[in-house]
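What follows is a group of structures, each given as structure tokens.
Below, chain A partners chain B and then partners chain C, in two separate complexes.
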Partner chain A sequence: MSLLTDLTAAVAAGKRIDTVRLTQELLTSGARPQDIVEQGLVPGMAIVGGQFKRNEIFVPEMLVAARAMKEALKLLEPLLASAGIKPKYTVIIGTVQGDLHDIGKNLISMMWRGAGFAVIDLGTNVSPERYVTAAQEHQAHIVGLSALLTTTMPAMKETVRLLKAAGLPHTKIMIGGAPITQAFADDIGADGYAADAGTAVDVARKLVGEAA
Partner chain B sequence: MNARENFQAMMSGQRAAWLPLNVPVTPPVADLIAARTGVRSAELAFETDFDFVAAQYPVTPERWRAAFQQLGFDAPATAEIEAFGVTQVAPPSDTLGSAYHLRMLLHPLATVTSVAQLKNLPWPDTAAADHYAAVAPRVQQIHTRGKVAWAGLECTLFELSWYLRGMDNLFQDLADKNGIADWLLDYFTTRSIHAGQAFARAGVDIIALGDDVGMQTGLLLSAPMWRHHLKPRLAAIITAIRAASSGRKIWIHYHSDGNILPIIPELIEIGIDILNPIQPECMSAAELVHLHGRTLGLSGLVGTQTTMPFGTPEQVRQRVREIAALHRDHGARVMIAPTHVLEPDVPWANILALVEETKSIRFS
Partner chain C sequence: MNARLTRLHQTLARRSLLGDGATGTQLQQLGLLPGACGELWNITQPDRVRQVHQSYLAAGSDLLTTNTFGGTSCVLAGHGADQRVHELNYAGAKLAREIAGDRAWVLGDIGPYGGMLEPVGDDLPATVELAFRQQATALLEGGADAILIETMSDPVEAALAVQAARAAGAEFIIATYTFQKAGADYRTLMGTSVGAALAAVLAAGADIVGANCGTELSLDDYVQLTAELAAATAGHPLIVQPNAGSPRYVDGKIRYDESAAQFAATVPRLKTAGATLIGGCCGSTPEHIAAMATHFR
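Up next, the complex of A and B:
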């Protein structure tokens, strides 16, 4: 269906007006909202993620593409909700306690939304207890922890400890941020680590059992 | 030889007597220094080579607060609004101190829809000489003490623009070509020209420009986008500073976190003399010395994501020795510093190791 192909291309190029127009045209032509998301928007953001990982595009292009998708979702989400269609996976994300930086966290959040996940963004300076409560409340498949500062890495460790202690067998924990490494993730018992927003989608998909 | 002469020798490509040292710290670390030494200033406690000057712009939070309300943004009562409208809120708990990067940044201009709205805001007149009146006497004091006078102009244009507008909005503005991002970038370019020229006339040795355009893994924005939007403005600032310096050498120091390898040749081309902070976690100082050592000085180099908080004192000392070897063995122009302000998690023993090892090394 060429309109879907066009929509994918429009999202990937960050063309907000075209993305909204094509979404509207697809709806008018009778396309199902979930097909527009899964076959139009999500593939567009997958292109963006791949280009970002390969350094073919950078943060501005990613932000602009994510905004284009967000505008389209404004049209689609009420229709999806009224049809009772929910994303297959729910992920929780936040910047750990003591850390107020949100750019990296927001980029991951956008890319996860772009991958079709339901994203619960807890914001910044999130206490370990709040992560646990949110993970339980939303039955999260993944909890994502972000930190920019070395001073807040201990809060990440404590959050992982509490999440593990809470006994959430279906919840995986991912971490990331400038000073974070795979070795640190291994050390504190996180299930996954991603160095950038493009990789974060691949890692999340693997953690929920889907091929990246 | 005093610190200023040593710095000039180092950055002119001659043999220096020692590594110029700078130790930027967060307020909690300043408290620690005070508790240990009786002096809160790292510059005084450790007798570092640099001292600092800055412009004094009028801070008018109530005017900004009223202007923001007109735009539909209600700044929280606890918000601190700075001279250029940058708005921050301290965290609810001060367990990690209150340094600038531990505060929540709000984006009061996120709702702006036109350049006309921007023009109506209470921007300081950055050309007014009053803002810079205290600089020359302060520079004289610093020089009398034989130290290097350093004028800070970091957050030169890009960062202040996105602090106000929000990074996503600023990039969307550039994509939409609506003029809003360009107006902000131009305003801060003009501010930096005014300040930079005032600093140059006041006799400073270093003017420190900077905007973070790097991430751990590479550039934040593409090199073509940087070339289009930031490089020409940065070049205009440097050209204006040079024009105001009456032929006297001023070292232009440029800070960007992260890996910015693809644009370093062009930073040199437009007149950057010293690059900071060269995070060892994502850029190799040795490689930069090999590629650009004859034209570019390096500043920083001791990792605050690794060695300073997590290394042993011996590992800190080893890193200092590696940096010293870059000058001794390869003629590199280097000044040593942590790659970011020291956070409260850095052990006192590591701070002492940095200072003591640096001071113990003398080049013959």
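Up next, the complex of A and C:
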């Protein structure tokens, strides 16, 4: 269906006005909102994620694409809600205690939204206890921890420890951020690590048991 | 131009200058908690800030950097201190000046304001320019010889900061970006190339340009980056301030891999590649600076 592929291309290019127009046209033509999300928007953000991973695009292009996607979701989310369609997976994200940086965290949040997850954003400077409470309350499939400052890596370790101690059998923990490595993730017992916002979707899908 | 600034120009024409090392990680060793507002220490713990400056001066630094990296109203707002821009920056510059006297030059430090400018973000250039100008004004009044704008990713923001520093009366402005590897290239977080990044701040009137910090950049990478930067400075002096390697988490502690000896050994390579001012960023210590000092003067 060409409108859907046009929508995918419009999102990937960050064309907000085209994205909204195509979403409206698809709705008018009778397309189901969930198909518009899954076959139009999700592939668009996947293209962006891949380009980011390959250094073909950078933060500005990602943000512009995410903004286009958000505008389309504003039209679609009420329809999905009234049809009783909920995202399959709920993910929680935040920047760890002592760290006020949010650019990386926001990028991951957008990519996860673009992949069709329900995203609960706890903001920055999130205490270990708040992560645990939110994970319990929302029965999160994934809790994502972000850190930019090297000095807040110990806070990440403590958060992972507390989440593990809380005994949430269905909650996986994912970490990322400039100073973070796979070795650190292994060391502190996180279930997954993503080097960038493009990879974060693949890793999250794997963690919830879906093929990447 | 005052005598100290004249001497800075004369010295720079004659030899390379040694910067200082990290401030934040040093303050943390003295008890600053991760995520806490380091600029508040210019008022609440002035002796500890002096101690950091003093140890760099003793190590041989020609340039002392004020403890004001997060001193814009935008960043201070995150700590509820956005009404204290003048107080904290003025105090920061004064502390460095006290220690430096006429033995070193004081660089009034300005870091990113922490958001995204339009059209990618929502912040207006005029608002951000004002924030930089307020900070630069306080730094100069407190006794900074020059303004150091560092760790920039967005060339538009960096150029705004340079213009703001100039408008505040700065006669000597240094502007540096943080680069990361992007395939075979070096780019900023925003995707800006080395050439475009430096061109933006040079056009805005920066006197010295270069790089500091970096994500996953080794000292070898920094030598390569320095050569690329040197080709884009349009004849202006080049400053580089690498991290002491990438941070690793070992046995519950953060470690930086590059030793003082490795740092010192890299100095001649950085000079050959074109750097005239060399210092250190995250993880570098007075020991690093002391080891490097043998290659200066």
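Just so we're on the same page, the second predicted complex is superposed on the first by the 212 of 212 C-alpha atoms of A that agree within 3 Å, B and C clash if a C-alpha of one lies under 4 Å from a C-alpha of the other, contacts with A are read in each partner's own complex, and residues count from 1 in each chain.
Keep this in mind: a residue touches a chain if its C-beta (ideal position, glycine included) is under 8 Å from a C-beta of that chain, and two chains touch if they have at least 3 such contacts.
Just so you know, these numbers come straight off a predicted model, no measurement behind them.
Trainee: Once the two structures are overlaid on chain A, check if chain B and chain C clash or fit side by side.
Mentor: clash
Trainee: Output check: A:Asp196 vs chain B and chain C. Expected answer is one of first, second, both, neither. What do you get?
Mentor: In the superposition, A:Asp196 contacts chain B only.
Trainee: Kindly classify A:Ala178 by the partners it touches after superposition: chain B alone (first), chain C alone (second), both, or neither?
Mentor: After superposing on A, A:Ala178 lies in contact with both chain B and chain C.
Trainee: Under the stated touch criterion, which partner chain does A:Asn55 make contact with: chain B (first), chain C (second), both, or neither?
Mentor: both
Trainee: Going by the contact rule set out at the top, does A:Asp187 touch chain B (first), chain C (second), both, or neither?
Mentor: The answer is second: A:Asp187 touches chain C but not chain B.
Trainee: So which positions on chain A get touched by both chain B and chain C?
Mentor: On chain A, the residues that contact chain B in one structure and chain C in the other are 55, 57-61, 63-64, 98, 100-101, 103, 125, 149-152, 178-179.
Trainee: Within their complex, state which residues of chain C touch chain A.
Mentor: 24-25, 28, 33-36, 78, 114, 116, 119-121, 153, 182-183, 185, 187, 189-191, 215, 246-249, 252, 254, 282-283
Trainee: Considering only the defined contacts, which chain A positions touch chain B in the complex?
Mentor: Against chain B, chain A makes touches at 14, 55, 57-61, 63-64, 67, 98, 100-101, 103, 106, 124-125, 149-152, 178-179, 195-196.
Trainee: Mind pulling up the chain B residues that touch chain A in the complex?
Mentor: Residues of chain B touching chain A: 91-93, 95-96, 101-105, 167-168, 171-172, 174-175, 215-222, 225, 258, 281, 304-306, 309-310, 343-345.
Trainee: Help me check something: in the complex, which residues belonging to chain A touch chain C?
Mentor: Answer in residue numbers: 54-55, 57-61, 63-64, 97-101, 103, 125, 149-155, 157, 178-179, 181, 183-184, 187-188.
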